[in-house]
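Below: a set of structures, written as structure tokens.
Each of the next two complexes has chain A plus one other chain: chain B in the first, chain C in the second.
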Partner chain A sequence: MSQQARLCREIIEEEFGPFVAKVAHQILLKGRLTLPDIVRFTKLTPKQIRESLVVLIQHGLAFFTEAVEGQKEQTHYQVSAEQTLMRLRMPAIMQVAEERWEEIGVDICRLLFIHGRMKIGGVRDWVKGDSKRKDKMDQYIKAFTKMANEHYIIAVLPEHSRSAVDRYLEAEQKESEKYTITTAKEIQAIKKSALESVEAEYGMLENAGLKRKAIDAISSAHKRMAVEIEDMEVDEKIYFHINYERFNILFRNNSVMDYAIERINRTAGQIVKAFFEHGKNKIRSLHENDSPSATPMHIANIIPQDVIDQGDIVLQPDLINPGKKPSVQDIITGYITLLKIDSAGFVRSRDELGSSQYSINFLKLRENMKRKLLEGLVREKMGVATCRILRILIEKGKLDESQVQKLAMLPPKDTREKLALLNLRGFVEIQANRLDVNEVPRTADRAPGRSFHLWYVPLEKIYEELLVDVYRTVANLQQRRRQELKVRSRLLEKLNRQDVKENIDLLGEGDKAEITQMDKVLERIEISKKRLDQMIMILRDF
Partner chain B sequence: MSRGGRGGFGGGRGGPGGANSGAMQLVSFDMLKDLSSGGLFNVNTALFPEMDVPIPRKPNSSETSQWKFKEDFLKQVHESAYHLVPPPPKPDIERYSDKYKKATVRRKTLREIDTDFDFFPEELQSVIDSSKIKKKPKVQKVDETFNLDEIMNAEGEGKDGEDEEGKEEGKDGEAGSDIEFDEEGEEEELVDDNDYAQNYFDNGEDEDFDDDDGDGGAGDYY
Partner chain C sequence: MDVTEAHLAMNTLLKKSAIEIMSLNGENLLRAIDLKDAEKASKLDEEGRLVFNAIRAAGNVGIWTKDLKKKTNLHMIVLNRALKLLEQKHEIKAVKHVKFPTRKIYMLFNTTPSSEVTGGAWYTDQELDTDFIDSLKAACLKYITARSFPRNETVRDAVFGADHEHYPTATEVRRFITESRISSIELSVKDITSLLDVLVYDGTIEKKSPFAIGMEDFSDEEDGDENVQWSYKAVRKTTSRLPVEALTEVPCGRCQVFTFCSENGPVSPFNCEYFKVWLDW
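The block that comes next holds the complex of A and B.
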């Protein structure tokens, strides 16, 4: 069974219950389904299925396509696996919200996760209804507006619920109606213009839901301030939901910073952070290969003075005046050079944009982080020597067994064993080549006696398999959690009683010990899931 | 004897909670160590080799706070309208603990959530929109196939009758979506089948009767 579908099912079951999970699972396994199809496959009642679909669409996990006017088609539904898997990251997102906007941010995020999407009026009502927080109303509104301005939450438009592929196909259809006979070139032109029109619709959403504050044009001082602040108000009628991409960008930046700190030193991490601060407003997508470029001057402006004064970089002393402390400019340039030289490839110079422009090189970083993950895994599972063999093969390409043995400095018997182990686990593969080639052979005959074999590492394939493995592990953890809860069902029933909820001391000592044990177990499972989620982030999202 | 044995079973399962796995329920770990063979079962087979399972690192502070957030969220979402639960079981015998199990917080239903109806397709709008409750067309108890009175009335009242019937049909049509209609149609067909069986299937007894009568009538001539 598809591991991704299984994991999505577990996630949904934990939050929304078994019915929604069953419906989502069937749609994920079978692609698009109509309502009668879902009835047939899940054997639930139509009413339950309709309610489940409403829940899924409300949370942005499912899309639908309705029939075009006049054609008698049924509405098809499909579930988005990516959106479902993002929900795994919810605790991390809430923690980021706490760091930036404290408890208020956490509350807003939680509301958005529970309801899927909300208007700012909905937040207002919730705050009003909650007695402990009534007086902080304007803080909530301010936080919401700030989050919307920084694109951490983003507007939802009706088009979002309808699947993107169908929109694209519709646009293509519309365009092709203009032509009667279509040549190959025209078909290409149609496709291109359809794609552009869909993206134009879609791409306008960056500032959707926000409108400029109505300023009084009479008072000029006020006007100046408003232009400077450039904060926009939230439109009351628009629904907002969490923008996972923005949070992912944040996670990625933090990850790169930690990597820099680990490899070089703390100040290098600060420099990387300054790069990100500088380009903060221009980073839009996670898939960009470079960060917005910056010069050492920009970095120097952003970094606080005490970081520079730490003096943990040793630079070439000034030839004229050996006692002079290096200037800010020199220190920063020194660090940038260090980051550039480092084999992880943090920074690269962008000469095409001008002199001394540097940017963080995400392309190389992505590869390096994935590789580091892979090597760590192999080292833990199969030992240092095996990991060494793997690294040799990755760096050198395709090698013969004797070459591997020489480079790895291991006895031949060991290399053969370890290569076989790696092959068994799917980390290396063999390529068979004919021995007697002077001219192009006419047959693809590769008898073992007449051919030589080379070992190599299929990196992309390994990363994909690894991702599926991680999905399986997280789904297993979730299953384990369900099992632990099932085994303790009597205890849970006791906890759900009304009198126990009010006074926990009604339970005996043994019961209380069991409760702490259960909490510990659940915590451990959840934390393992979170650590695996970080692996998923590196493998899939960065 | 057997009663004691069964009591032992039940006690083993329910008592210590999650500490025991399925196979080891009857035997505690202390007993296992005492037995000289190293356990009742041979745990070291080819499929399950003895492994040195690594222990994960202890959680740091940010991880524990994330766990708290998740716990909080799960509690709230289980109480929300979005967590669909199976319908409550039918009331059984009355139990003492029932009075403590009442759920005092009433869940919101899906009709009460605040959302834009434009986000949802036609067929799902009835779930969220309380104004669009589908009225199931009343199951007609009257025999559908042959109702002389209706036809007589329809002809007699002329325009008025037609208008009334037209309105009723219109309401039925609007109340259902395409799929509802299909379901209703299927049900009607099934119902029709039964009527067909009732109305047109003769066992053959009636025929004999008729024949006899015919013969009797014809016989009179003889």
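The block that comes next holds the complex of A and C.
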């Protein structure tokens, strides 16, 4: 069974229940399905299926095609595995929301997770209904607007409900109408322009849902100040939902910063952070290869002075005046150069944009972080020496066994064992070469069929297999969690009783011990899920 | 002496094995053989002499039986007989080659095997001396770490600027090792370089190009690659913030039946024994 589909099913089952999970699972396994198909595969009633589909669409997990006028086309439904897997990041997202907008942010995020999408009016109603928070109404509205301005939540438009495939097909249709006769080359051109127009359309949806505040001409001076503080206000009629991509960008930036701290030092991490602060508003998509560029002057303006005064970088003393302390400019430039020549490739210079323009190089960083992950994994599972062999093969390409032995400085028996182990686990592969193809025969023996073998590392394949393994592990954890909760269902029932909720001491000692045990078990599972999700982020999303 | 006489003399000496012919650079040259060896050779029969000369020509590298067979064009049985005779007389000896332990390498009795055969500095008794290598590696790493970061009491993670040029090179490390007398045997720069390369592959140090950033490397001015001195810098050893152990923390990461486990099978997440132990801990 596809591990990804299994994991999505588990996630949906935890949040929405078994019926929705069953429907989603069938659609994930089989692709696009129509309603009668779903009935056939899940054996549920059409009413149940319709309700499940509504839930899935509300939360942005399912797409449908609209019936076109005049054509008798059935509605096909499709479930997005990506959106479902993003829900694994719920805890991390809520943590970020707490850091930025405190409890109010957490509440808004939780509302959006529970309801899928909401209008700002919905938030208003919820706050009104809740006695503890009634007086903080304007804080809630303000937080919501701020989140919308910074694109952490974005508007839902009708286009979003149609899957990318459908949009692409329609765009292709539109383009092909322009040509009467199509040759193979033109078909390719059509496909390419259709893809681009779909992506452009998607990109333009950012600022939707927001409109400028109406300015009253009379007290215009006062209003002008207000307009400067808050750009736009939220349109009442639009639904909003969480913009996972923006949060992912934040996670990615934090990861890069942590990596810089680890490789160089804390101040280097601050410099990387400054780069991100500078380019904050211009980063749109996770797939860009470079951050917006900055000069040392920009960075110097953002970093607080005491960080620079720490004096933790030792530069060449000034030739003219040896006793002089290095200036701010020098220190910043020194760090940027360090980041540039570091083998992880944090920063690179963008000379085509002007002199001394630098930007963070995501392309190289992605590769490096994935490699680090892989090497750490091999080191943990199979030992330092095996990791050494893996690194040698990655760097040098394809090698013979004796060459590996010489470079790794291990006894020949050991190298052979470890190479076999790596092969078993799928980390290296063999390429058999025929001897007679080679110019210089290895031995004078001319027997045909005698050949020598080279070992190599198929990196891309390994990353994909690793991702599937991680999906499988998370699904295992999720299923175990379900099992543990099922086993303790009696305890949970007790906990959910009204009188116990008010006074927890109604339970006996044994029950309390069981509760602590259950909490421990759940906590352990959730923490592991979170760490594995970070791994998924590096492997798949960055 | 005119040519015909010279030829005659050469032929008689050759028959007595007092000289031998070599061809170098397309020309034929004569070389005088040590009288003692010549005596030994003359006592032997035809084949023995052939074998003996071939082995002597191999010098201190030695020659393999198959190669010997090819060179002398003798039959295996005849060859083996000759070799046994020579060994009994203690004229030659069999040596084990470290790279091809199943081969028999023959060389003259009083020659010391070259380092290639014994493996060089890292081999002791035909075996790779891993403990020795490990202790040397640790010593090198300590030295390099000490020189890779500036000494600063106030700031814990001070770092050198990009243009700091005094990271240790292989020669400096070698000097350190010889001065501290950790190793009893002589280590060449090449040995140290290969040891440092192993450390680079372990990910504990990094190689740095000796040339300044942005400069073209003037390698055509250097003669050969002995003058390209790489410098080495230690990588800071901190606990990684990337989730490297995420997969191995969970029992699934180390489970032997990971691929076998499925939700409907005999081994499933629901009844996994490893989970039970892990959750109770």
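Keep this in mind: the second predicted complex is superposed on the first by the 495 of 542 C-alpha atoms of A that agree within 3 Å, B and C clash if a C-alpha of one lies under 4 Å from a C-alpha of the other, contacts with A are read in each partner's own complex, and residues count from 1 in each chain.
Going forward, a contact is a pair of C-beta atoms (placed from the backbone, for glycine too) under 8 Å apart; a residue touches a chain by one contact, two chains touch by 3 or more.
Just so it is clear, the structure is predicted and the values come from calculations on it, not from any experiment.
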Which superposed partner A:Gly17 touches (first chain B, second chain C, both, neither): first
First, second, both or neither for A:Ser343, with chain B first and chain C second: second
First (chain B), second (chain C), both or neither touched by A:Gly383: neither
First (chain B), second (chain C), both or neither touched by A:Gly426: neither
Contacts of A:Ile261 with chain B and chain C, given as first, second, both or neither: second
Chain B versus chain C as contact partner of A:Pro411, first or second or both or neither: second
A:Ser528 touches, of chain B and chain C: first, second, both or neither? both
Contacts on chain A seen with chain B and repeated with chain C across the two complexes: 380, 484, 521, 524, 528, 531
Partner chain B, residues of chain A touching it in the complex: 14-20, 35-36, 46, 48, 50-55, 57-59, 64, 66, 74-75, 90-92, 94-95, 98, 106, 110, 113-119, 122, 156, 158, 160-161, 239, 380, 484, 487-488, 490-491, 496-500, 514, 517-518, 521-524, 526-528, 530-531
Touching residues (chain side chain A, partner chain C) in the complex: 1, 6, 255, 258-259, 261-266, 268, 310-316, 334, 337-338, 340-341, 343, 369, 372-373, 375-377, 380-381, 384, 387-388, 391-392, 395, 402, 407-412, 444, 469-470, 472-473, 475-477, 479-480, 483-484, 520-521, 524-525, 528, 531-532, 534-535, 538
For the chain B and chain A complex, residues of the former touching the latter: 14, 17-18, 54, 56, 59, 62-67, 69-74, 76-77, 80, 82-86, 97, 99-102, 104, 110, 113-116, 118-124, 126-128, 178-179, 182-183
Of all residues in chain C, those that touch chain A in their complex: 70, 99, 122, 127-128, 130, 133, 150, 152, 154-155, 157-164, 194-195, 197-198, 201-203, 206, 213, 235-236, 238, 240-250, 252-254, 258, 261-263, 268-270, 272, 275, 278-279
